[in-house]
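Two complexes, one shared chain (chain A), two partners (chain B, chain C).
The block that comes next holds the complex of A and B.
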């Protein structure tokens, strides 16, 4: 099955590849994986603690082209969104944007899981900081 | 379940391999083509068919992993299609680091090699541990059959397969 143009684009020029310091209190890290295909995806967000806006997002994915494209697209979408808005991102939007075939839908699910995991990690860290303030 | 039936045993997850072998030999003798040389064609064909099933049955049931997959399949579980979230987080972390090391090695950075060796040892240990755990779950299910235990077995098999694939990748790189 051929990849869509958008998948190929993200796959050949992945956006925001890299990593951030996971111990930074403003950084949330999501690590997810799929045992069936061996994919593993790390997605990180850096949040401005005052505005709650995601100012940076990075990812590193080991997996197929669709998994890489899904997480690359996710980081693009995350930047500039508030944490709450980011929580609303649905895997179906990724499927539509990248024109993923049914057999690759699980890649978009993985990306959505990674977003949620990163946000939850950030929130978990942020709570004690606010409590002290 | 045909494979158990052809060997004349109840469908259990825990099997004694010596007994299984004896049963297989016994049934093989019973179904041997020589015994059907003068039988009607239909009877002979049926025996041949049964004999072929018997061979498949023995090959599948003597291997605990194949046995479990066969068992789960016949209880309505589809291995591999299920459960994206059954990888423990600490294992994921390790898998991620391992992939990083594999990538470095691919780029010609030999300093990643020791990390791969220790990863290989660790994954081998994990495989051994999951085999022991599998036997325990087999025993639990045989004593008190239940959906929950089957789900646990499915999860364990998924995880085991994941580790096995990693191990294969690591070994592939190390032997190059």
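The block that comes next holds the complex of A and C.
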């Protein structure tokens, strides 16, 4: 199977690889997929509590080149967006940007799921903090 | 050293230049039809075919007359199984095979099941070997054929073929083996191994693609097979169709070369394989060998690199040709059924790589492959959330995953 240049680029030079403290109240963590399925994505966002803007994003992915590229791209797109804007990211945009073939569409779905899971995790944590304010 | 490196010799092998050279005249001046009995063009072609038949028979301890030429092992497997099922239909309707056979066997059996043949698919033990007691117990008075491959194409595990053949003989059941991965690579002898029918192909032993053979025993017992194609009655009526003379001549030369070189190549490939294995194991933790290391083809290594997905690994070593049991590399998106049959979890099947060493590989190439593998596995583990969890002491089997 031939990979698109963008997939190869993200695979060779993955952006924002790493982990953040999942107990930090400003960090949201999403982990989706399963080892038996051959894909696991961990995506984390760090949100500025005042502006609501995602100031940092990190990922780690177990999966094929397209899964790695999808999550790497997601972290690039997340940075600088507000949480609400980030919720709007669609897997189809990832498919288009990376020119993923039909058999790899599920990688982009997983990336979208990871974004949503990370945001939901952040929101769950943030609610009590806001309530106190 | 030239890149890319070919280390996928279970998929196919490079045609040996000596084979190509032997074939060439049969495309040009010796272009005759081996079935033409009345002129020298036919005679020369026939001589080439009969010489090849002898070379192939010699490699497996058979008689020339027991070799039936086909288009390859898929056809040979179809012909063997369907041909026996049809010919021996009055004697019984039960076939025994193994869950890890090649699709050409499994799908042929499934086809026959629709026609009322009963098929038993034996499971494998964890090391990839068939449990002989289980085989004995599976044979009934309706059993007409046992089909078990000589050596597996993914994990290289060599079955105890002579024992299997002996059991079949004692019970009066025909024994077919798919010898594709073994013949030409390790000693195979149809007499010693008690084989009645065996499928062969040229392209796995440095011959051309598109030509294979079926060994069909003529004595003790005399095996009969119903032809699966109607036509001119070539190959003692078992396989009609004008013979692929250049291909057959090349197949014969390839068999002759394998016969001459086998001992040296076995020793050489074993050393290379063991060096690859040792280098990888000493540099990387959490690697697993799939299948028995004692009953194994000397040129095969199948290893899982935990926490690193196979396709991403292949992408990282894109100047090396190997294959993976990962779902992502298969058309079906299912991980290897062979590895699953060993009781390997899907997670380890996804992380497996098969290395197949061949005649044209060098020590330098093996070292390059080992180093590149180590580099890429380490890189991908840095990227792997599973590796991170493993390092943090998380028991991955206890995590609740959101399977999608």
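Methods note: the second predicted complex is superposed on the first by the 129 of 133 C-alpha atoms of A that agree within 3 Å, B and C clash if a C-alpha of one lies under 4 Å from a C-alpha of the other, contacts with A are read in each partner's own complex, and residues count from 1 in each chain.
To be clear about the criterion, contacts are C-beta pairs under 8 Å (C-beta built on N, C-alpha and C of every residue); 3 or more make two chains touch, one makes a residue touch a chain.
Bear in mind that the values here come from a model prediction, so they are computed numbers and not experimental data.
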- request: Considering only the touch criterion stated at the top, classify A:109 as touching first (chain B), second (chain C), both, or neither.
  value: both
Field: If touched residues of chain A are counted for chain B and for chain C, the larger one
entry: C
- request: Identify the partner contact of A:38: answer first if only chain B is touched, second if only chain C is, both if each is, neither if none is.
  value: both
- prompt: Does chain B (first) or chain C (second) touch A:70, or do both, or does neither?
  reply: neither
Field: chain B versus chain C as contact partner of A:17, first or second or both or neither
entry: second
- request: Please identify the positions on chain A that touch both chain B and chain C, taking each partner from its own complex.
  value: 31-36, 38, 40, 42, 60, 62, 106, 109-110, 113
- line: Contacts from chain B onto chain A in the complex sit at residues 80-81, 83-87, 89, 92-93, 95-96, 99-100, 103, 158-159, 161-162, 165-166
Query: What residues of chain A sit close enough to touch chain C in their complex?
result: 3, 8, 11, 14, 17, 19, 31-42, 60-65, 67-68, 103, 106, 109-110, 113, 117
- prompt: Once bound in the complex, which stretches of chain C touch chain A?
  reply: 307-312, 315-316, 326-328, 333, 335, 345-347, 350, 382-388, 396, 401-404
Query: Within the complex, which stretch of chain A touches chain B?
result: 31-36, 38, 40, 42, 60, 62, 106, 109-110, 113
